[in-house]
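Common to both upcoming complexes is chain A, partnered first by chain B, then by chain C.
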Partner chain A sequence: MTRKKSNPLLRTRRPLLPPGARSRSAHLLTAAAARGDFVLPCCAGCGRFLWPMAEGCPACLSEVGVKAAPQGARVISATTAEVPAAPYFRERAPWRVGLVQMEAGPQAVVHLHPAAQAGDKVVLRLVLDRAGQAVLNAGPEGGEMSDPQWQAMVADPRDRRVLITDARHVCALPLAQGLAKAGAVTIHCGLPEAWKPFPGRAALQAVPGVRIVPLDVISDRSVADAATDMAGRVEIVVNTADLPRPGGLLGPVAQVEARAMAETVQMGLLRLARAFGPALAGRGADGDKGGVAWVNVLSVFARAHPPGWAGYAAAHAAALALSHALRADLAAGGVRLVTVLTGPTEDGWFQTVDPPKVTARALADAILKALTNGLEEVAVGDVAKDLLARLEENPKAVERELAQGGLTG
Partner chain B sequence: MSVLKALVQALGSGGVRVVDLTQTLSEDFPTIVLPPEFGPSAPVRIERISRYDAAGPAWYWNNLSFGEHTGTHFDAPAHWFTGRDRPLGTVDTLPVGHMVAPACVIDCSAGSAADDDFLLTREMVEAWEAEHGLVPDGAWVLMRSDWSKRTGADYANLRDDGAHTPGPDAGCIRWLVEERGILGFGTETIGTDAGQGGHFDPPFPAHHFLHGAGRYGLQCLTNLHLLPPVGAVLMTAPLKVHEGSGSPLRVLAMVEDNA
Partner chain C sequence: MVLAVPVTVPYARHSTKPAQWWAARALKALADGAGMSHRDFDGLSVSSFSLAPDSTVGLTQHFGLSPRYIEFLPLGGVSGVAALRRAARAVQAGDAGVVACIGADGNAPQSFRRSLENFSRASQDAVYPYGAGGPNVSFALIAQAFMADTGLTRADIGRLAVAQRANAGLNPEALLRAPLTLDAYLGARPIAPPIHLFDCVMPCAGAEGFLVMREEAAKAQGLPFVRLAGSIERYNAFPEDPVMLRGGWARDVDVLWSQAGMGPQDMDLVQTYDDYPFVSAMQFADLGFCARGDLKDFLAARDFTVAGDLPHNTSGGQLSVGQAGCAGGFIGLVEAIRQLTGVAGARQVAEAKRALVSGFGMIVFDRGLSSAAVVLEAA
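Let's turn to the complex of A and B:
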């Protein structure tokens, strides 16, 4: 284990955040950064790119939106802030900043990779900082992970301890394998209903760092017991608790199953949040490898609700709604809540759903990428991406098409 | 001396002991597992309202939720289709006089230890009767398997083809009901039927014959090894659930020391 143990005699550093105020328009950039898209403010009239965000185009006064832009830039000048004014940066000084000339046109002051010098070509990324606001980060192509400033903005599993809340989830094994490969030191995997057979036990236990622990998110006591052991000792929570049960509202077992799904997906998240959230948020600045992320693995049915999955969609929609409250609570500690919306997975419960379906490996890879790239909103699989795009475009059409038998349960 | 006065004296002196045959109603105790196309039972859940804290500074209480057939529980005749037309077939209507009754305990622990699918047969009961006398009319028959000494996965004992736990065979339970007039049948396992009882003829014969005749079931019992083969008196009062098919309950046995 390479993780350094903390000194219990010293005060745990309290989380501070970088300056967080943004205009409403600037949250167009927040949305793009949350998805990992690179966009810049762009005038709807004259088409020129701008930086920073403006309420109107300085050239033609037209409305300003955002648009995908080239990520290349050249460093005009670089400097190192040894004693920054903002307490967040002062704690992390020296902090490297630079002025860059973007290929898209504007100039910007950016967070700069320590190796980049004036005149160097760099790649720009729009990333969410610890306050959850979009900022520009510049570095050499592929050089992000060697950049301590980038590391302060993303949720790298390296040297961190992770809790996967449901080891029975289809993605639990590849996720644990991916986390181990990414350098996570301990991967707690919660096992609900330990009295039922768990065929995946041997494969999961073979993953370095994996520790299978009893955890049933539908039990207050089980969650509380797990938190007693682990809440102060995990830096990333990946909530995989799920109970996919197909069926419409009028099916013979719909009511019983809807309650069971709500208990697992919605109330399970609530229990986990109450038990693990405070300690995770409180340890957001506990050394370089403090609490950093909470990932909710939810179904895209949280946003688009096929009638053939009535109870399941309702449970996930409720969890998505709850997750916004959790996001706000975790944000105080600079801990990111990541929403992963997946399409139907290669799981027996989605047997009757037409392909393409999301493989366990693809879902695990998407979760890992979200952590290492600092994302906040992730859609996994063609079905999820398509549904979300169509919802943006015409939500009523999505509703009608799903009502006509789309994604039959 | 009146009977009750004598009983109270015996309870006070220890001449009559009360044995708890109940598993603790807890969240991680296994429940029956059905194929998923059928509606599942809700598990036992205990949600704290307050415990001398901000939600209730001076008091402690919980919200409970559970299926009727969780933990140590009682099966009423209405639980099975064969008993659906029996009068007084739900727990709110069943005669209270039936809630105190004698018990015969048949020790199947050796057989159950050797074979997870051990079946109690009529011949075994007849052999027991040769030693302890006929099973009296209106008595509980309790199948001691020591299964309650197992926990977790060993207790549920689920495999690819379902649960493997001991129980009565179809002929035995039919004979007990029809020829011995038993009040009910009790087990230490999750059901009154064997784990593979769904494959018997008829399926789930204990449920079929007991409830069809208006008799009862008790399951998830414990401490049966503390009871004598005959002489114990059971107190089995299920919750008075409106039209309930069963309920978790506290099962107590009174045992005379010289029994």
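Let's turn to the complex of A and C:
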């Protein structure tokens, strides 16, 4: 717990970004890096791996896609950029760069761990940099956490202050415990409707660094008050506000419940974004431990909409759409927006849904992993992964299957 | 085929003028030097990185020419040799009588950085985001491997930079003329080790040009000229090499010398492409002046100044005169024409009859893709 107090007399460094222009095809790598997958460009014809992304294979001129690839490499040569051209790197110089021979075949220029020298074996990772673009990072096996350049790309909670917007969410307790273990200094946990009983209070308060604060995302006033108190003093926001209510479109209370869910999930995110977003983005370069990430914990029903969860799915779909707008706004400060799409959780409101369901611990672990590994898109649980895979394969089939009673509400 | 009328529009570190202005000045100098109207040039070849949105075709109306042969060759360090080779073929085939070859680029205070961002797709996707070091970082990665392979030290390579600066002292138009000692070279600020400050060229604005025509045409016009004795050109010569320890010259060097009917030992002066002095060292090896393993002894034994036994980059080269974009691909060629026609002034190499000029460039990803060389002979 060693967060340095900032000196109020010093100017807060304004956020700069590394070069962010990429070819359209290179975003196949962005998609993989967002999920934490390691892929390389690969020829569809002869199967050889290529680097950088190409529109035609130099060996056979076939089309090029991406494919999972071995992550090993050897350093051919290494240098430090002492006088970079782009201001982002200039204020972070010297920046270590290497040329590596990949086990997969091609050579690549990489961000290089400070300890790696010419001739060393390294492991490659695809990670999103502060511009949100995929880059190759190379270092000794397991050495990424000791690499300041890696740390500049991921959203490590260590020495940072976190806001969990809804302490009543099923994952709030294990998430707070995990964040504390990962070195977060302060964990603000928003408590809506504080007059209601909160059985988890004692356990949550026992977590080092936890501070339970009033925050009700359905109230403009409450969100504004919380932002006044905290917006300039949190580096990670995890929005857990949710209101799962099963039911189809034609049920007796569907309209009332849909409005309530929209108020919490969609409008709640909007209020939080407007209140906390600007301060977070503006502090994206506030020291080494400045504003770094915003996590939206959403239901996978945001993407695949079971008719039995009509209002719930609509609220989450709306929140997902808003979160794309928020991602673009936060990107100006180099702050990452992480979308966590979870399957139904072990939670009374998903009582009627068949297992497997996502435990609170699994959801918390996925959020923590997303932060420490710098991910942007996370699917949690088998149901979410299966739904997303099926959507990618054949969205019309998913629609029909859900209409025939999959994931009943 | 012959080359005549070497012209240099004196370089400027920064200029408010665009590439079109620099090209116009070069074209005027060529016309004045040839004693012809520029309208009588029926071929126009232009190399530039900063001419956008124009290409050569737009310049024909802009400059009032009606050529029957044009060429646009934004090929960086091989621009000059490539322009010469194409112009010579065009004249030989009767497609043009007199071709004006021009390399011209402007340079505003931030234009170099902007050009780095947009240099190539491979660089945009897979080099520039890694520390944004530009060519210095890319060449540092190559230099480190090259020095490990050859055993060359910075002190060995520095001899080339120091000699070029001495040559630049005799060139009133060089932007960097303050004497450079080996100690100063070795003690310079690191840019991307092993690349240090005096390994780097200074981006600037400028233009270079020459004319290509038949020998009879040059004689009829009363122009001093040099003959083209041999030339090579190659792109992406060794795609299987994991790191660039040799350039494309190594693949074509025998063709060059057999075309010319000469060898390295016959050269009175050499103009290599000196974006970094270690790249000049690589050219000496690849072009047959010594084996790669013997570079250390070769660099120690030879005197590369104008008065030395192997005058090299006699104007000061890009390292001391400046790198004016694509004009950097012309600087050695134009200087060689000057030397072989005896108009190099204070830096004239005595008895200069034969010269080798090489070009190199376009590190779009991890290696320079272009290599070229030409042997010239005095009339």
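To be clear about the criterion, the second predicted complex is superposed on the first by the 408 of 409 C-alpha atoms of A that agree within 3 Å, B and C clash if a C-alpha of one lies under 4 Å from a C-alpha of the other, contacts with A are read in each partner's own complex, and residues count from 1 in each chain.
One rule holds for everything that comes next: a residue touches a chain if its C-beta (ideal position, glycine included) is under 8 Å from a C-beta of that chain, and two chains touch if they have at least 3 such contacts.
Just so you know, these numbers come straight off a predicted model, no measurement behind them.
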item	value
Per-residue contact with chain A, leading partner among chain C and chain B	C
Touching partner for A:252 - first (chain B), second (chain C), both, neither	first
First, second, both or neither for A:61, with chain B first and chain C second	neither
Partner chain in contact with A:197 - chain B first, chain C second, else both or neither	first
Which of chain B and chain C A:115 touches, first, second, both or neither	neither
Which of chain B and chain C A:206 touches, first, second, both or neither	neither
Which of chain B and chain C A:403 touches, first, second, both or neither	neither
For the chain C and chain A complex, residues of the former touching the latter	112-113, 116-117, 121-122, 124-134, 136-138, 140-142, 144-145, 148, 189-195, 239, 242-243, 365-366
Chain C contact footprint on chain A (complex, rising order)	18-23, 26, 51-53, 58, 76-86, 88-90, 95-99, 101, 107-111, 118, 129, 131, 133, 135-136
Footprint of chain A on chain B - complex, ascending	27-28, 30, 33, 36-40, 42-43, 45-48, 152-153, 155-156, 158-159
In the complex with chain B, residue positions of chain A that touch it	193-197, 214, 216, 218-222, 245, 252-253, 256-257, 259-260, 263
